[in-house]
Amino acid sequence: MKVRSLRKKIVLVTLVTIIGVSMVLVSSGQCEELSELRVGRVGTLAKTLDPNIMSSWGITVPIKSAVFEGLLRYNPDTMEVEPCLAERWETSKDGKELTFYLRKGVHFHKGFGELTAEDVKATHDRWFEAKKWGLMDAIRWIPPLNRIEVVDKYTVKFYLEYADYTLVSSTVPMFFGYVTSKKALDEHGPEGIKTHAVGTGPYELEEWVPMQKLVLKRFPDYWAKKPWFDKVSFISFGSYHAAGLALKAGELDIASVRPEDVDIYEADPNLDVNVFQPAGFCWIGFNVQASPMDDIRVRKAIRYAVDVDEILQAKWGGVVEDPRKLRANSILSPSTVLGFWKDAPVYELDLQRSRKLLAEAGYPDGFTVVMPAPLHYGGEPEIGVVVQSQLKKVGINVKIPVLELEAFREEHFRETGRYPMFVESWHMAPFPEQQLCWFTSPQVETWNEMKWSNLRYDELLKKAAGEPDPTKRSEYYIEMQRLMDEDVVAIWIEYQLDAKAWRTDIDAKFMSSGWEVIQEMKGK
Amino acid sequence: MNAKKGFLKRFEIFSFVLSSPLRCSGVVIVVILLFIAIFAPAIAPHDPYDINPVNRLSEISFTHPFGTDNLGRDVLSRMFYGTRTALFVGMMGVSVSLLMGLILGMIAAYCGSIIDDAILLLFDTLRSFPTIILILVIISVVGPSITNIVLALAITFMSTYGRAVRARTLSVKEEDYIKAAEALGARRLRIIRSHIIKNVVGPLIIMAGMDVGYMIALEAGLSFLGLGVPPPTASWGKMLRVGFDYMLKDPLLIIWPSIALFVAVAGFSLLAEALRNFLDPSVRRSVKGSLSAIRSQESIS
Amino acid sequence: MMFFVIRRLVWLPITLFGVMIFIFFLLNALPGDPVTAMVGPRATPEMRKAIEEKFHLNEPVLIQLVYFIKNVFQGDIGRSIWDGRPVLELIGNALPNTAMLALGSLFLAIIIGIPLGAVSAIYHNTFADFLIMGLSFLVVSIPDFVSALLLLLLFSVTLNLFPVSGLGSGILDQIHHLILPILALSLPWIGYIARVVRGTMLDVLSAPYIKMEKSFGLPLIFIWGKYALRNAISPAIATLGVMMGKLLGGAVLIEIIFTRPGLGRLVAESVATRNIPVIQGTVLVTATLFILSNLVADISYMFVDPRIRYER
Amino acid sequence: MLLEVKNLSVEYITSEGRGYAVENASFKIEEGQIVGLVGESSSGKSTLGWSIIRLLPSNARIRSGDILLKGRDIIKMSERTLNETIRGKEISVIVQDPQNALNPVFTIHTQINDILSLYRKKTRKTKLPLLELFRSADTERKKEAVSLLTKVGIADARRRIDEYPYCFSGGMKQRVMMVMAFVVNPSLLIADEPTTGLDVTVEAQILEHLKDLIRQYGTAVLYITHDLAVISEVADKVMVMYAGNIVEIANKSELFDSPLHPYTKALIKCLPRNATQKDELETIPGSVPNIFNLPHGCKFHPRCELAKQICKGKRPLLKRNHSSSHEVACFLV
């Protein structure tokens, strides 16, 4: 009797488990409620959510621009500057005074009250004590800023040392412009603010679990049009294909994919793919302070010995029909708003000249050099290996240390002479001044990885800022690039491509640089 | 019933036949691996560092029996050269750690008192880290390079050997013939050399044979994490990584190095079991199996 | 037996001290100045000063060590240098995932390994025996991360049956995400346990008491399932704790391959980003868990097998 | 007639070859009769004992013969019926080597209880539900077990019953075994060298308790030993075995007073109490042959000083000798 009942139980249990498992298997595929947008990221989601610190742009911009808003912003389609938190703004004749008239009734997330001039001041006053707030990365960005004055509750005035027209065109609408709450700053302090994001944007931060996910939820009392999705979660993946497979399996709506792999996703009917050309660049940098790279002839020699086309072939072969098209000949990409150097010189492989130059420099049979190629946006280590084999031909023996990006930067800036060469790649905002500013003399200790200082270059950057006329400004920028080229500080390889794939049932929206415009995305 | 018994019997014979080739197979595999490692330059169809972007990720072909990797390097050749890395790391790692363990263990056993305790504490400390984590940390400090990897492995494995040596030395030390030798005024060092080393090292050799395979596996793991041997040196782990990154395009890139790793690990544990039979045939097969397995776990994870 | 446990309990803190000292000196050996190591290359002077004071970096090393240990005992093992989160919080997030993975693998290894071992012992020298032993040799000889890759290739990429990475949301989904990693992690252990159990089971089956029990006509299933097995598994049980420890720490590669946010991945990533405080903290925690689980192992062994008297 | 064994042959197959451990053995055991089976070690007496409940090592098998228990042929039974009606029901066994004869990881109680509960189930003739076995003991069975343990002289049984075997001495273990053997109230007990490996005093006590139990339960016993002295203590009837052959069967008195087979004679000579008359202790020259190359004819002839030509040629069979109960296999009588 007892026994039979027990048998029954066993049978029941097994049945339940079977059903359960099958359910799991079924539920694996489509478990999507369209009001959540799931974005796949590879590696870190964000290092810090402080609105004004920029690190790993390509990754954090979409998140920050959904949470924070600046006084001004870009129209994602036209890249025109348009009002945002400031309804309108005035620039004085001499360009030294900027007045912003704030929008009324804008509220901060998490009940931090209404946006007032005080908040703007508090946020931007941080530039005066940038070190305390860990903002020095960007210290160059507003050199002319003298002081900020609160005119009335909704009016704030910036006093500049000299006119800077890039301020409005690029700086204010980007990170620098983002405004956070005074209260929040006081409450959380320099450490806390890195994880407690308080903005006015359409989405507010719900949770951020490192290595896992960062979830935004729709901000109920957003001042402008409410976004389509209630919830946006950025999910971290260990590798591109992991994200890609998740996307194929319908566990994601959007994912960054390796541009090399676009063909895989194009094949999938449920997916749309697009390759963007962000204002990023990948280059082989020379540390001009370290021997033997302090000798320009050596740098020239290497420039003639490196076959960029082969590098591109190695990366894009079989994906793009003509990889040469992707070649970068100078720092600014065509997608930057201005300053693209159309007729930048193209250096072809020329081993004879290379050997000759080396001989002149006193290295007739080459030398050994350490060249880190830390993985950043993808492909750097491979590029390193290719260069390694190319330089062997002119007797230069390249050692590639196994080094992670952060470790490389730390050591590179700690020991001047340690790494005479390196392979790096950056993502930037598509504004010339924001890309060129890193290679000025003051940056030598922080971001100027070539450790190259050229006073004319610094001066030109300032000149350009003070120049209201864009075409003139553009000339200055080209001039700056010419300087870089003359001093042979780098071998430009490509403008980092960035590819995004998304499910066709999502009405996705991206900036020209490939950054998701989360707040504008819709489901179909 | 009787029918079943008959069935059993046939398999007893079967097992008897089967077990012996299984034993020597270990030796064979290892010899082959060594051959490949030594003569890699001679037998490799291509230069493993010779990049050729034009036919990257090419299919299996006559010129490239295993295809090419993401930089158009010949996979087969890289596997051959990978054998070099693997065997070097495995064997060097084992011998260095064996040596360290031997010395420290003996010192502990002979000096006793505080020194003994100190060394024991060191061993226990080292043993209280999960293997791979300890290695990761050491590597993160000394920076990855083939020698540093060997060093890290040696430090990590030292403690197991050290403890074994200490224990055995202590027991052997008490045995009469050693006592006698000492009584006869033989010099300590000579005793150590002649008797103790002989009695202590034997069993360790088996452990060591086992560990070579697992150090190889660990090296592969490190290289997979990108903390292994620096480029362009070929390593199975790095090949696995490439395969992992190009999984969607060319799955075979994962398969080849996996096979290589399996063969190496299996080969060395079989070799170790053969050694064991050679050194003490008394041990039962089942137990041996489990023993080898135990050693394996200690290093795989 | 009690004596043994007590001795272990006494030895435990000593080892822990050893661990702390070891980690401390290891990470002080890092190239470059420790402050940079602690707070990252571009830290503010304020932050640097704070660290210097907190870890007393201007004082001699031994003093520093003392302070370090003091901090540890106050449960303060620093903050991540990138987002300034407390290391404990990071570990708190990671640990459950790793624990789930480890426990799962442990469970799987036991429920598959023990029966397999028993069967191949009972059908000693039959085809089943050879099959099982062959398979177990196979899985023991494939490093777990390799089998992880192969499983991923087969079940996720080719057959698209299981998700490739992440934790999943909701209990069923989470289980679904766990299956492959657990399988990969436990495969070598399954083979291992099968071998151990087979070995001991063979001895047990030939023991007089089994003969005696047979002579009383107890059904074989019952003898095997209750009397023999109970004897056979005790050595396997003895290794469970060791296993647990290894699984907790050893999941690094698996967690990376399946991008599961666990302890292992935390270590690996902080090693990659030179996030020293996190490395310190995580390694400290894993080591502690490792030691504890070993202790648990010995105690559990004691319970499974009443004969055990600990003289070692 | 309780048990009747008709020319039973048991064969071993090993890598060395095949050989008969028991050859054409035939004997009877009456209800309640105590039969001693004596012989040197590896003379096949244990094999004979265990073959009665068909528990032989995997490389041994019964070639021929019948084993009739109460008229039912055990050889023809299925394993299942054996388990359900014979082993631990009609026949129970006390095994050699008490040290390892109890399962080390279960309490005495569990082990006795399992046997008991199983036995109960059998006698109630219901189908055997395995789960019943895993169920913990009920008190009524426990009482029984405890009382039995006390009877065999285990002090404070109520407490000790819950202890593990390693807490018991060899003698104690043997007592526990006895309890197990008798708790199922068997009609035949096979005692395979129950007292070997115990020191003499303990042995004596054990024997006492054993006799009591036998008397109390009226169980028939096949008492296997190499020790004639012990036999002379317990047995009513004695069977002498040599190299797989039963060479002599007789009542105890007859055997000791007028042994017929030279081997038996030799054995008795070797008994210490006879030896005391002479100066030195007698021994039998030579040793028991290995079963894989047995001599032809009478297996004992190589060691027999009276051996004749015939002994080498033909194998002597058990035959009645003057008194009806005395059988011997030798040409010389």
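Residue numbering begins at 1 within each chain, and the chains themselves are lettered A, B, C and D in the order written.
Rule of thumb we're sticking to: a contact is a pair of C-beta atoms (placed from the backbone, for glycine too) under 8 Å apart; a residue touches a chain by one contact, two chains touch by 3 or more.
All values reported here derive from a predicted model rather than from experimental measurement.
Colleague: Could you see whether A-B or B-C has the larger number of C-beta contact pairs?
Modeller: Higher C-beta contact count between the two pairs: B-C.
Colleague: Chain with the smallest distance from its CA centroid to the overall CA centroid?
Modeller: So the chain sitting closest to the middle is C.
Colleague: Report, in whole Å, the distance between the mean C-alpha point of chain A and the mean C-alpha point of chain D.
Modeller: A distance of 89 Å separates the two centres.
Colleague: What whole-number Å value describes the gap between the mean CA coordinates of chain B and chain D?
Modeller: A distance of 54 Å separates the two centres.
Colleague: With centres defined as the mean C-alpha position, give me the chain A-chain B separation in Å.
Modeller: Centres of chain A and chain B (C-alpha means) sit 44 Å apart.
Colleague: From the mean C-alpha coordinate of chain B to that of chain C, what's the distance rounded to whole Å?
Modeller: Each chain's C-alpha centroid was found; their separation is 21 Å.
Colleague: Could you tell me which residues belong to chain C and also touch two or more other chains?
Modeller: 31, 157, 256-257, 272, 274
Colleague: Where in chain B do residues touch at least two different other chains?
Modeller: Those would be 8, 143, 226-227, 244, 247-248.
Colleague: Inside the complex, what are the residues of chain B that reach chain C?
Modeller: Touching chain C from chain B are residues 7-8, 11-12, 14-15, 18, 121-122, 124-126, 128-134, 136-141, 143, 213, 217, 220-221, 224-227, 240, 243-244, 247-248, 251, 254-255, 258, 261-262, 265-266, 269, 284, 286-287, 289-290, 292-294, 296-298, 300-301.
Colleague: Note which residues of chain C are touching chain B in the complex, please.
Modeller: 11, 14-16, 18-19, 21-23, 26-27, 29-31, 121, 125-127, 129-130, 133, 136-138, 140-146, 149-150, 152-153, 157-158, 185, 188-189, 191-192, 195-196, 198-199, 202, 235, 239, 242-243, 245-253, 256-257, 264, 267-268, 271-272, 274, 279, 283, 286-287, 290-291, 294
Colleague: What residues on chain D touch chain C, complex-wise?
Modeller: 53, 55, 82-84, 86-89, 92-93, 95-97, 100-106, 111, 114-115, 118, 128, 130, 133-134, 164, 166, 177, 180, 184
Colleague: Flag every residue of chain C that touches chain D in the complex, lowest number first.
Modeller: Where chain C meets chain D, its residues are 207-209, 211-219, 221-222, 226-227, 230-231, 234, 304-307.
Colleague: Can you list the residues on chain B that touch chain A in the complex?
Modeller: Chain B reaches chain A through residues 49-51, 53-54, 56-57, 70-72, 143-145, 226-232, 244-249.
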